[in-house]
Amino acid sequence: MSASLSTAPRAAPAMRPWKRIAAYGQEFILLGAILALCIVVGIVNPRFLGANNLTNIFAGNAYIAVAAIGMSLVIISGHIDVAVGSLIGVLATVSGLLAVNGYPIWLAWLAPIVIGVIVNAGVGSLVAYLRIPSIVVTLGMLSILKGGLISITSGAWITNLPENYLIAQFRLFGIPSPVWFMVILTALVALWMRYSAFGRTIYAIGGNVEAARVAGIRVERSTVLVFAIHGAFAGIAAVLFATQLQVIQSTVPPNLELTVITASVVGGVSILGGTGTVIGSTLAAILFAAIASSLIFLNVSAYWLRSVQGLLILITVLADMARRRRLR
Amino acid sequence: ATWTGGDDLPTNPLACDGTAAPAVAKPYDGGEPTNAPDRKGKPIKVVDVPKLIGIGYFNATSKGIADAAKELGNVEAKTDGPTQANIDQQISFIDNYITSGVDGILFAANDPVAIAPVLKKALAAGINVVGYDANSEPNARQWFVNQAEFNGIGKALVDNMAKEIGEDGSFAIVTSTFTTPNQARWISEMAAYQEKCHPKMKWLETVEAQEDNVLSFNQATTLINKHGADLKGIFGMTSVATPASAEAVTQAGQCGKVAVIGLATPNAMKPYVEKDCVKSVVLWNPVDLGYAAMQVLRATADGDLKAGATSVKAGKLGELQVINGSEILLGAPYTFTKENIKDFDF
Amino acid sequence: MQPILALDGVSKSFAGVHALKNVSFDVRPGEVHALMGENGAGKSTLIKVMAGVHAPDSGEIHVNGDTVRFTSPREARAAGIATVYQELLLFPELSVAENIFLGHAPRTTMNALDWTKMRNEARRLLDDLDSHDLDVDARVGSLSVANRQRVEIAKALSQDARVLIMDEPTAALADADARRLMDVVRRLRDRGVAIVYVSHRMPEIFALATRVTVLRDGSYVGTSDIGDITEADLVSMMVGRPVDQLYPKANVDIGAPVIELRNVGFRDEVEDISFTIRAGEIVGIAGLIGSGRTELALTIFGITPATSGEILLDGKPIAITSPKQARDLGIAYVPEDRGLQGLIKSQTIRENLSLPLLDRISTATIVNRAKESALARELIKRFGVRARGPEQRVKQLSGGNQQKVVLAKWVATEPRVLIMDEPTRGIDVGAKAEIHALMSRLAAQGLAILMISSELPEVLGMSDRVLVMNNGRIVAEFDRAHATPDSVGTAMMKSETLAEVA
Amino acid sequence: MTANFRSLLRHETILAVLLVLVLGALATQSDRFFTTANLLNQGRLMAEVGLVALVMTFVIVTGGIDLSVGSILGLTAILLGVFWQNLGMPLPVAMVLAIIAGGIGGLVNGLIITRFKVPPLIATLATLALYRGLAEGISQARSVRGYPEWFYVLGQGDVWGVPTQLWILGALVIVAGVILGLTTFGRATYATGANETGARFSGIGVDRAKLLIYTASGLVAGLAGVIFVSRVSTTRSDMGTGLELDVITAVVLGGTSIFGGRGTIIGTVLGLILMQALKNGLALSGVKGDGTIVVIGLVLILAIVASNIFSRDGEG
């Protein structure tokens, strides 16, 4: 027995089931956390599990989940974007302004996506071709977008939005459209990341740029593309954000970039690049909404709310670390 | 629920029937600029530093200031400030303008105490200093234009709520953060007034939602889901929280069942008021507030408004009363309803 | 036959260093053309020019007679050139199968990746390399250096290339693996693939190569058919002088025990290890890949502190819990993975050399720059590191010279116990002889040396005693007189046959 | 000064040139810019960001990041008030304890990062929320005011005509510069950032170094908190919100590589001065706050682009 170990080592030819599960460990931890929260809070106050509240939990952070999809791609490719909050603010304003100024509705929906792609392709080019670390470029973009938005709009409210523009308020089979967007986009991107060549390329670039380059991957072009895709998701998130209420305040939502990044990393995307899935980040966004909601249901004093949130994030991350250690 | 937020200042609930409390005459307690040059009738440069720039409310006050400056003709006014409501940055801005040499400073304080040293520095540099919207320590500025007294707002909000949900209704509050001074004072006054005049109303809870649209919406929705039919009304304490709460009520299909009352600018509330989901919105006119502040500053610089005065002429707003020693009252809070909301655009 | 790939008068310099000066080289289908030279001679640079990583400053590249310009490795790959680089270039977070096929994975009709085919093909390629034990789904980051090397080779093979370039593919492999690889190379050669082969191991060159080209200091020295040249000629072509003795083992008086292990173990990776090394003694450890030799070294050095047993230094039991402590106790470890563990590649030679002895060249924790530079210059000279000077960045050095820097920095700590894990991996013959001579000298000064090597001749040539490890345990021990290729080889293999039976 | 001496010097040279150009341009825009009073006052205003940026340079050189500094600042400010007013401690004791509490916050970051191997960004993202939450919970939205006069010397007073906190900043600049540039600890810091495994295998106490650095980061954030309270005469639980972005911008502008292994204190100081000069000088020349942040964003990107283009030294 001892002898056989040496040449037929620990790893069997096929992946063992528990390893397969462990490979998606963070997703399971998050799912477990969401379920546990639901059960505990549901026992304390059954209204927590009411259809309305569950809908709210799923829909509440849907735009964050959508933005986190793009962010996850960026982080997996080894970069980061701290300007996403400002970008969403700008794009939402653009969308709203188009809608109230009589442009066709489809244009108000499409323009943020297109502009998001263009802006972030620019960011990506600076990162890829001029070799400026993404955190530097996006730190700069954060200031530029935020300052620019204030200069132009002064934060005026945009009102009189046409009824049919408010896409986030549509429902299909009783489920609000942001949930559909979140679920469908997450599923599509998860599959795409797993099965498409470009999806794997993103992992490769994040894992080892030099190796990717000699493997014949056009690293620069791919990096720009990743940022551009991220811009598209920021655009979709901005439309969902803008159409959630019947009015838009043309400002940058506070701390949105931190929330989006937190969703990605708590979702198991390694900040060092190369690993993670978008399913995790979506679950994390849902978890955040569930935490916020349950704290109200549990009558946790709002004073302690943030510390509880911080603690819960920490626990999730530590659980992930423990899992990874076991995997090794 | 007992409100523990805010400061430890005493509350001063108004009489339930609205009879004005006898005005206690208080001596002037504002500061004085040292060696201020004679500015009477001369062109002056004024900077307005609100809590933050880039939100609708301060956009409106800034407009009022600009209007007044134009009307006066001898004032060059501009608005500048931090992009987030941050005491530190606001101080830096004022400091920079002191250095650059302005004649007058208008401010809305993020923190009454934190801003005091830099305002005193301005006074020491001979600059006229007038506050509006959010006060500083009195001796750090000359005058403060009070949009409406805290207890007045408290009374207006609670009375409106009681009218809509009845004397035994339950309500919850959505505010920005527990540390925002104005909101904290208002809530304190509301609590005191409600206990005094509407003792059977039930205060369920208060939640924070920053100045964030979607978060406010989510928090309000959660309140509706949590309390179900127990929740009869929601107070929105900020111009962001109120429309978001109205939206939450609309989307939950609770229009008419859950009342929304709050402080908000008319533009943001029009859709909800027009659809009868919100019956009344309480606010002063922020354009008027800015206008008054500018007029007061001009009057101060001209030497027309001096310690001990009991009123001041404020252009088209007419005569405004001096209260509490060194404050100038804009008026009672204004209640916007379906009938009049169309007439306002800010 | 016409060369499929030819370089004509290629020159390349980096920031003042002439890595290649007017070099010509070609390779024909069905031949193995060996590229030889000392460390830093320019072999890897030449290869990178062929692979499209570096654009030459001057000179031309011909593929099938057509002049080409590669602006990226992508284009070279498209021209049918596959490369195994000296420094492993893998994706630690991806699976073995993905690493092999990244950039040219099989697709389904939907244009999605065909995972089944990918895993099957990967399995086939690894089986070809006799790596039946390597799991195609394993994360590459969890593999040993040797297994990574196998993945890297499979990756190159997966491209069905017309030209296969291999830069020291066997450096990280044990003899048995190296032999399997050579079989694969022969098969490919017979199939008509043109192969460029770099190795510092002479026997491989004579067993494989059709022709051999020698570079020295970036210049072309000559090309010869393998039949027309002897090993000695080749060495003197490379080094410019004859190398007299590769294993200059001196007879040293063995002194008192310096380090002693008693039933030492770390989790279940190494178990029940007991041995003693005395002053002046060189103990070699032989074993197959994954036999736990490196794990043992890591345990002694405090990276993975022992979970059982005890270690005695000078007869006194000590608990080593960190590398810092091990170093302070006079234990030095020349690690197996020089890029990751041995060096701070983005820093200068000076900074690398002084890192383990900062305390010694500083007063009141302020680093004495003069002392530091002097030390660096002296070590560069003593170890013959080919570099512009102490301020050159380590990552700009050739592989072999990097290895010398690692050796130098640890020898400079003047340790009592020196553990060397694959100390001459990637080192040219001349330098290898020097390092062996150095080992001998150090032993003579009373050091206790523990040497791990996958090159059996090296273990046999340099050791006073040979331990054979298997599955985390010591399974045999031979003194110098009884350690023969047969006896040690059998001890290493025995378990393998056992395994196949089991 | 170590690591990539030449390239760093070049980044700093570029930055210094940029700074001189910016200062010159700003001086022509407003005659009130280049006055002693204004410059000293700007020094006062940048002291808190500056203090934190010094240690942040170490943190980023090790390849880490500390996003929780703003929250630690807020927490220590609150604790200072609570210790002094609610627990009735003498103010000097309260100050020391508050700073120590900041250090403990940093130590906890360090422990999470070294013991549990949580990437610094994630660890401090979580404690960013946690510490701010603690500040809010402890303060219950109360502020503490009315400190004794002597306390304000720290934040509002002068010593020999120079703001008190500028002396502290100056002293710490020298200490940090010497430690990072000249000592064995500095070497360990660079080595850790450039290749952590390699550093560990070279006998560097990597974990110990990181623990020390994150603890120092907390301590200095605590010190900055106390100075901040003294400057604004009150405590609030939202103090220091967003501080981390300013700090990181200054450090990165100063040429410290976000990937670790490179950076100097001189660079950070230059970055800091450039940022403060822009904020102040643009305001004096009549540019508004929103315009200023746009310019700072542009300068950050352009400065790094310029140094990338000019200071390629063949390191590939």
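By letter and in written order, the chains are A, B, C and D; residue numbering begins at 1 in each of them.
Assume a contact is a pair of C-beta atoms (placed from the backbone, for glycine too) under 8 Å apart; a residue touches a chain by one contact, two chains touch by 3 or more.
Note that the structure is predicted; figures quoted are calculated from it, not measured.
Chain centres were defined as the mean of their Cα atoms; on that basis the chain farthest from subunit B turns out to be C.
Across the two candidate interfaces, C-D and A-D, the one carrying more C-beta contacts is A-D. A separation of 44 Å divides the Cα centre of subunit C from that of subunit D.
Spacing of subunit A relative to subunit D, judged by their CA centroids, is 29 angstrom. Centres computed as Cα averages put subunit B at a distance of 35 Å from subunit D. Counting partners per residue, subunit C has no residue that reaches two or more other chains.
Under the contact definition stated at the top, the residues of subunit D that touch 2 or more other chains are 136, 139-141, 288-290, 293. The set of subunit A residues touching two or more other chains comprises 146-147, 150, 270, 303, 305.
Chains touching one another, given as pairs, are A-B, A-C, A-D, B-D, C-D. The residues of subunit B lying in touch with subunit D in their complex are 4-8, 53-54, 78-84, 86-89, 91-93, 95-97, 99-101, 111, 113-117, 177-179, 184.
Partner subunit D is touched in their complex by these residues of subunit C: 14-15, 301, 303, 322-324, 326-328, 333, 335, 340-347, 351, 354-356, 358-359, 362, 365-367, 391, 393, 395-396, 409.
Looking at the complex, you find that subunit A touches subunit C at residues 1-9, 11-15, 194-197, 200-201, 203-204, 206-208, 210-218, 270, 274-275, 328. Here subunit C touches subunit A in the complex through residues 51, 53, 72-74, 77-78, 83, 85, 89-94, 98, 102-105, 107, 111-113, 115, 123, 133-138, 142, 155, 288, 290-291, 470-471, 473, 495-496, 498-500, 502, going by the rule given at the top.
Those residues of subunit A that touch subunit D in the shared complex are 82, 126, 130-133, 135-137, 139-144, 146-148, 150-151, 258, 261-262, 265-266, 270-272, 301, 303-311, 313-314, 317-318, 321, 325.
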